[in-house]
Every structure is written in C-alpha cells, then in structure tokens.
Amino acid sequence: MSKSPEVKLVNVPSPNFVPEKDADKPLVLEAAHLGIDFGGLVAVDEFNIGIGATEICGLIGPNGAGKTTIFNLLTKVYEPTRGTIMLGGKDTHNMTPVQVNQMGIARTFQNIRLFDKLSVEENVKIGLHNHIGYHTLSGVFRLPSYWKEEKKSHERALELLDIFGMADLANVTADSLPYGAQRRLEIVRALATGPKLLLLDEPAAGMNPSETEELMNNIRKIRDEFQIAVLLIEHDMNLVMGICESIVVLNFGRIIAKGTPSQIQGNPQVIEAYLGTHRG
Amino acid sequence: MLAHLINGISLGSIYAIIALGYTMVYGIAKMLNFAHGDVIMVGGYISFCSMMYLNLPAPVAVLVAVFVCTVLGIVVERLAYKPLRAATSLAVLITAIGMSYFLQNAALLIWGANPKAFPNMFKNIEAIEIAGARVSPVAIVAIVANLIIMVALTLFTTRTKVGKAMRAVSEDKGAATLMGINVNFTISLTFAIGSGLAAIAGVLLCTAYPTLMPTTGSMPGIKAFTAAVFGGIGSIPGAMIGGILLGIIEILARAYISSELADAIVFGVLIVVLIFRPTGLLGKQIHEKV
Amino acid sequence: MNMIKNASSASKKAFLNYGIVIVFFIVFQTLVSTGNITSALKGQLIPIVCYMIMAVSLNLVVGISGELSLGHAGFMSVGAFTAVIVSSAMGDAANPAKLVVSMIVGAGVAAIAGFLIGIPVLRLNGDYLAIVTLAFGEIIKNILNCLYVGIDEKGVHFAFNNPDALGMNPLGKVVINGPMGAVGISKIATFPAAVILLMIILIVIQNLVNSRTGRAIMAIRDNRIAAESMGLSPMKYKMLAFTVSASMAGAAGAVYALNYSTLVPKKFDFNTSILVLVFVVLGGIGNMTGSLIAAGVLVVLPELLRKFSDYRMLVYAIVLILVMLVTNNEKLKGRIDTFFKKFRMNIAKGGRKK
C-alpha cells in the first residue's frame, strides 16, 4: 500500500480521537449513538464519530455497509431514528439539509447530481448562492449591487474552478463534461458553499490512476488552503491510505474498526470483512 | 337523506368506472389520458345512434358502444401515444389534450352542437322504493355494474396470465420485456379495457343525466380523474373508493350546501386529502433514492 | 455600453425578445392608424398581448421552475374580476389612472391567491401538482360564479351566493352578477398600454431568470436534492416563481377584462389554462421567444381559419397532435431531418447545374 501520512491520534474529551494538530480546536462534527431504521430494518446503528477541524477522515466498508446512509444522516436528507449529531457544537435535531448546509456542511453525491442544463460556472455560482449579497429585487431591476456582486461571484467561481484547472470550461454545460470532470465540478460546487466540513462520496469513482493521484493532491490542497475538514467515502485503497489521517470502517451498519491507516491495515477484523475480500 | 346517499353512490359508481380507465392507463403507461373523458361521450353517442337510428334494443346498443370505444381506444393509443413512449410526460399530456380536442370537435361535426335527449332505457320500470326513498333503476344498475366490474377486474389482474402481465408492465417495463411479456400488446389491452369501461360509463351517465353534447364527457372525465388521484392513482380499489366518495360528496354538497359550489367542494376535498396523503388514499409512497 | 458588449448569450436572447415586442407593436400600431386592419383582428390585438403575457408567465412556472400548472387561467380571472371592481369603484377618475390602478390591484390580489394556493400545491410532485392546480382553477371559477358585487353611493357591496344580500339602495349598480359575470365594464384598456405591460413583464422575467434567484429556481428544478445540499430552500424559490407568475397572470387578466363590456367567469376555465399551456409547450419549454410567437400565432390562427369555421378547431387539434408527434418522436424527427437535408441538397445541386 502507499505511504501513509504518519499521524498520531490523540483522545479528545469524548469517546473519539482526532489528529494531534486538531486536539486544541473544537470538533467540527460529532455524532453519537447515531442510528436509523428503514421499516424495521436497522440500516445504521451505534455510529460514533468525531472529526477534527482540519482532519481528513476516511469512511470505508464493503458495498451496502451503510456509508452513503451515514452521509444522508449527517446532511439531514434522513432524520436519524436514534442518536445526536452536533455540528460546530450545535445539535442538528429536526434541521433540514438547507439549514445544515448553511451551518457549514457540504457534500458531493455518489450518483453525480449536477445541474445538468446549466453551465459549469452557473453550477459553481449556485454553490456561492448564499454568499452573493443582493436581493431578488436588485436582480430584477439591475441595481448596482447586482452588477457588483455578479462580477465578484464570477471571479470567485473562476478562482474555485482553477483549483482543478477547470476555469477554461466555465461556459460548457455541465452534462457535456466527461465523467471525471463532473466529479471534480461537484467538489468545486460543494466548496463554493463555504463549508467547514466537506463530505465526498466516492470522489475517485471512474477515475484512472493518474487522475486519482491528482485528486489526492487537490483534496490535500483544499484542506490546507481552506483549513476545513474532509470526510470521504472511497473504495480506492491507495487514495484512502494515502491521504486519510484517520479511518472508520463500517460493516452491516456498525463500526468495526477505527484508527490510523496503519492500524486499519493491520486490523484482522477489517482484513476479514473488507480488505481480504476486496484485494485478495 | 337516504335517497341522496344512494344517488351519491350511484353517481360515484359511474365515476369509479371512468376512474378505473384513468388509473389502469396511468399505472401502465404513466400518462394522464385526458382524452379518456371524451371516450365516454363517444360511447354515449354511439349507443344513442344505435337505439334511435338503427332501432337496436338497449343491451345491443350498449354492446355496440363498448365495441366501438374499445377499437377507438386501441387506435388512439397506436396512433398518438405509442410513438411518444420515450417522450417526456408533458409531451404526452399535450398530445392527449390534442386528442381530446379532436374527439370533441369531430363529434361536433358529426352530431352537431345541439344537445340530444338520451332515451330512457328503463322507462318501463318503476322507480324502486328502498326504506322510503325512491331510487331510479339506473342508480341500481350503476351500482351493480360497478361492483361486477370491480370484482371482475380484480380477478382478472390477480388470477389470469394477461392480468399478471399487466401488473408486471406497470411495475417495470424493461424487466417485463426481459421476462418475455409483450409490452405493446399489454398496453393496447389496457387501453381497450379502459375505453370499453368508458363506454359503459357513458351509457349510464347519459341515462342518469339525459343530455348528450360533444362536451358531455369532459367534466365527468375531470372528476373521475380527480377520483382516481383521490383514491391513489394506479390502484384499482383506490379508484372505486375515490369514485364513490366523490359521488357522495358531490350529491350531498349539491343537496345541502349549494349546487353552484358543489364542484368547488369536491375539488376542495381532493386538495385536503392530498395535503395529508400526497399520493392519495391508497397510493404508494415513493421516496427518491439519494 | 460596455454592459451590452459583454452581454452573455442569455442577455442577447432577452434583447431579441424586446425587439420582437417592439416590432410587433410598431407594425400593428401602424396598421391600426392607417386603417389597414380588419376589425376582427383589431379587436384581437389586446387579447393577443394578454395571452402573450399569460404564456411567458406560465413559462416561468412550467419552464423555469419545472412545475406543471393547469390552473393558470384561475389567476387571470382573479385579476380580471378584481380589475372590474376597482375600475368601477374609481368612478370618474381618469381612464389611464383607472387602468394602472386596476392592473396593480389585480396583480396584487392574484399574487395573494397564488401565494395561498402555492402553500399546499408546491408540496406535491409532478402529476399530483398538475391535478391540484387544475382543481384550484375550477374552484376559483366556481367561487366567482357565486360572487355578487354592487356599487352605490355608500361604496362597494359584496354578497356570496345570494344576490339579494347585496343590500344596495335602488340607485346602485350591480357590477358582478354571479354566473352572468361582470356587466357594463368600461372598456378602458388600450393596445399601447397592454404592450407596455408585456414589456415590463418580459423585463422582470428575464432579469429574474438571469440573476442569483433565477439560478436558484433552475437548480431546484434540475436537481432538488443537490440544490438543498447547496443551501437553497426549494419551497422558498418555487413559491417565489409561482407567486410572481400568478401576479403577472392577474395583470394580464386586468387588461383583458377592461377590453370587454361583459365577462363571465366561465371564460377562464380549465380550457383557457390548457390553451396557454399549449402556447408554452409549442413555443418550447423555458423559451420565452417561443412563448411570445406561439401565443401570437395561435390566437390569430383560428381567426384566419374562420372561413373553415366548422373545421378550424378540428384542424387545430390535428396540428397540435402532429406537432407533438414530430417534435417528440426520435424516428419521425430523424426522418424529417434527412428529408430536409436531401431537399436542400437537391436545391443546391439544381442550382449548380444551371
């Protein structure tokens, strides 16, 4: 496996641990005893996680383990049956996806969900929506604030697209982009909402090794530049072991292991449940 | 009160028979067949002509109407809807609206704008007295016909091979094709059954409310469609419950509140139901997968 | 000027639409003032503009917001009957003032109706939303059928479902008479006023669409779940589009009503809603230019076909079905494309031989 960033995990005042560098900063997200049932079927149970302010955390597990369900719980697409989610110290009970996004959580989707008929730039501008400061009426009557803010958001959109070298694709419609570029655009769009925590659902799916390598660098770059936390679901073990500082392994809706990449690689339970079947 | 209730159930039974056509077509082709109401009108005119001009006895006239409407249903589906199976639902809806205009205006050219007085098939039969309420024979016939149709359709869709194929196509067209089901035939059959039922409803409707015009079918069509949505579109028992409830509400509103506002009350009840049960009384809840 | 030079393709389209409206106005205004227009067509000018407004405003809901509404005529009738009451109540005021106030109040009341109806309706999806908007359109018609309004020197009197409850003095005038509708309307609407309204509405719609609000509306249409995860509230923006569209239909209704001396609620039934939807679909979903042209052509077309009076609606229905089949069936579309290609090539070849 590839080189793991050797990080020391330290305990924080809860059953969780975070990388040493984040120990004195408040957790960006903390979930405790989280669970959801679908019509009597327990999909996720006793899910506990704490994510440090600038941590890159991996969520792995075999297909059907409940990884995307966890994302849907954290972003409040589903209301959890049990447990609490604290976002920046606030309980998100009964909040909507819109509210939790405004509190600093942004995500991408496993099955890409771009605004297909709109241009790349417009997709990013929709991410910037809540940071563009003019009123609907200023837009309708084209008041000066419209021109000023539209110019600002245009420049900001190009800046963000440039992280992935996509600024020259700004005027292309989203559905005409190749698959890998669509995934990258989803990340840019999520980033535009100004999150403190970025959730990436299989960001490397469908990418070739060199694209994946580039993606890894970019995820690190985003984290360093924006000083945000990243939680990612991924099947590509090179990526997970290469950039994650901590890893949570899920099987049948429950956590079976937590730790640094090297701890996870050596964990016999994980190897049996996941790695053993995954790479032989 | 009892008389109103029975009249309501009777009108509701007619709505239910029409609603079945809507619900079956929606279930299988996922389209709102706006022209369905106008098939009722065609059924009415065909039976009218058979009785008045060809002097056929009433039961034969009904059979002729059913036959013509069944053929009409199949032809309409083949010509207008089949080519659009891959198109957006809005495109299909507009085409169905075009078909509705077409049928109404064709009827206007053939039979004229003047209302025709539909002959009373039951003129030799006295109104029946039930617990002191006088009930017209057509009301009884409508209720009985509805019950028979409902039982027959339920048996058909659950017990016969073709009926099961129908349910399979409504669940998943692609998978049904892979299982060797002839999807085109099944859809045609659904339209045929729905249109045949519309003809029966047309005869009942015109006997109960004996004025026949090119626009006769449109309002009952819309109300039956409302009934289908009310009960949960795609569901056969839903269409029956929706139709009967709607009929009762309409007759009671007409009798006790205001005949001007009866339709508004019917639609109001639909809205209230949909607010609390967004897919109707017996409709399935569908969640989008994220 | 820099602004125009830098205009995106969206703003270019917007200017095209303003151009179309201005040319339309100049052509018909010239025809009217030189007397080169049949009285039938002249009588249709204001209704044509009203239907253009109806089409572009419905396109805001159907095309931009992506919700199928089958009750747009209901809002038109709310605006129309409000305008009749307002203009009658203003008595001897100057006609332009009466017209402007009627339009504004008509739009406002229609916006309130749109907002109230939007609360339950916009929670529903797809076909359910369609049937409920249809139901609301019918409910509005039924309620207006029961509405009686009279004016005497004490002011405006309202009664519901009972004309005797108006309680007016004998000199009072009945303005709205239940199912008989509005009677004795003063015809104060003018063609230039209608065109100005259309222009304002086009500017509002196009500027709205090309702003952050418009992007939000389209994002919710394209992918509701992704839009929510970006912090956009679907209810808020769907409601905004629906209410704005309703108010525009109300303004169109006001101008429409003040062009006739009598008007019945039945005029704005389900069939009118469908007619406007047909304009939107044939003009192209989300395409404002298409809506303008379709509304203009399809309102005039039946008038032009009056010679074939008996067959005109039948022809209309057949044309509608054929257009839908040709534009939505891949095979037919392909065949027609190759036909035209061959046709063009033949012409080109023919030209070369000569």
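Order of writing sets the labels: A, B and C. Residues in every chain begin at 1.
Quick note on the criterion: contacts are C-beta pairs under 8 Å (C-beta built on N, C-alpha and C of every residue); 3 or more make two chains touch, one makes a residue touch a chain.
As the structure is a prediction and not an experimental result, all values here were calculated from the model.
**Q** Would you mind checking which chain's C-alpha centre is most distant from the centre of subunit B?
**A** A
**Q** What is the identifier of the chain with the smallest separation between its Cα mean and the overall Cα mean?
**A** Central chain: C.
**Q** Calculate how many whole Å lie between the centre of subunit B and the centre of subunit C, each centre taken as the average of the chain's C-alpha atoms.
**A** Centre-to-centre distance between subunit B and subunit C: 31 Å.
**Q** When the centre of a chain is set as the mean of its C-alpha atoms, what distance in Å lies between subunit A and subunit B?
**A** 51
**Q** What whole-Å value do you get for the distance between subunit A and subunit C if each is reduced to the mean of its CA atoms?
**A** 44
**Q** Would you mind listing the residues of subunit A that make contact with two or more other chains?
**A** In subunit A, the residues touching two or more other chains are 77, 109.
**Q** Hey, what residues on subunit C touch two or more of the other chains?
**A** Expected reply: 225.
**Q** Would you please write down the residue numbers of subunit B that are in contact with two or more other chains?
**A** Expected reply: 290.
**Q** Given the complex with subunit A, which residues does subunit C contribute to the contact?
**A** Touching subunit A from subunit C are residues 3, 204, 207-208, 210-216, 218-219, 222-223, 225-233, 240.
**Q** Enumerate the contact residues on subunit C facing subunit B in the complex.
**A** Residues in contact with subunit B: 62, 68, 120, 123-128, 130-132, 134-136, 138-139, 142-143, 145-146, 161, 178-179, 225, 270, 274, 277-278, 281, 285, 310-311, 313-314, 316-318, 320-321, 324-325, 327-332.
**Q** Write out the stretch or stretches of subunit A touching subunit C in their complex.
**A** Residues in contact with subunit C: 75, 77, 96-98, 101-102, 106-107, 109, 113-118, 122, 125-127, 129-130, 132, 134, 136, 139-142, 146-147, 149-150, 153, 189-190, 193.
**Q** What part of subunit B is in contact with subunit C in the complex they form?
**A** 26, 32, 80, 83-84, 86-91, 93-95, 97-99, 101-102, 105-106, 108-109, 222, 225-226, 229, 233, 258, 260-261, 263-264, 267-268, 270-271, 274-275, 278-279, 288, 290
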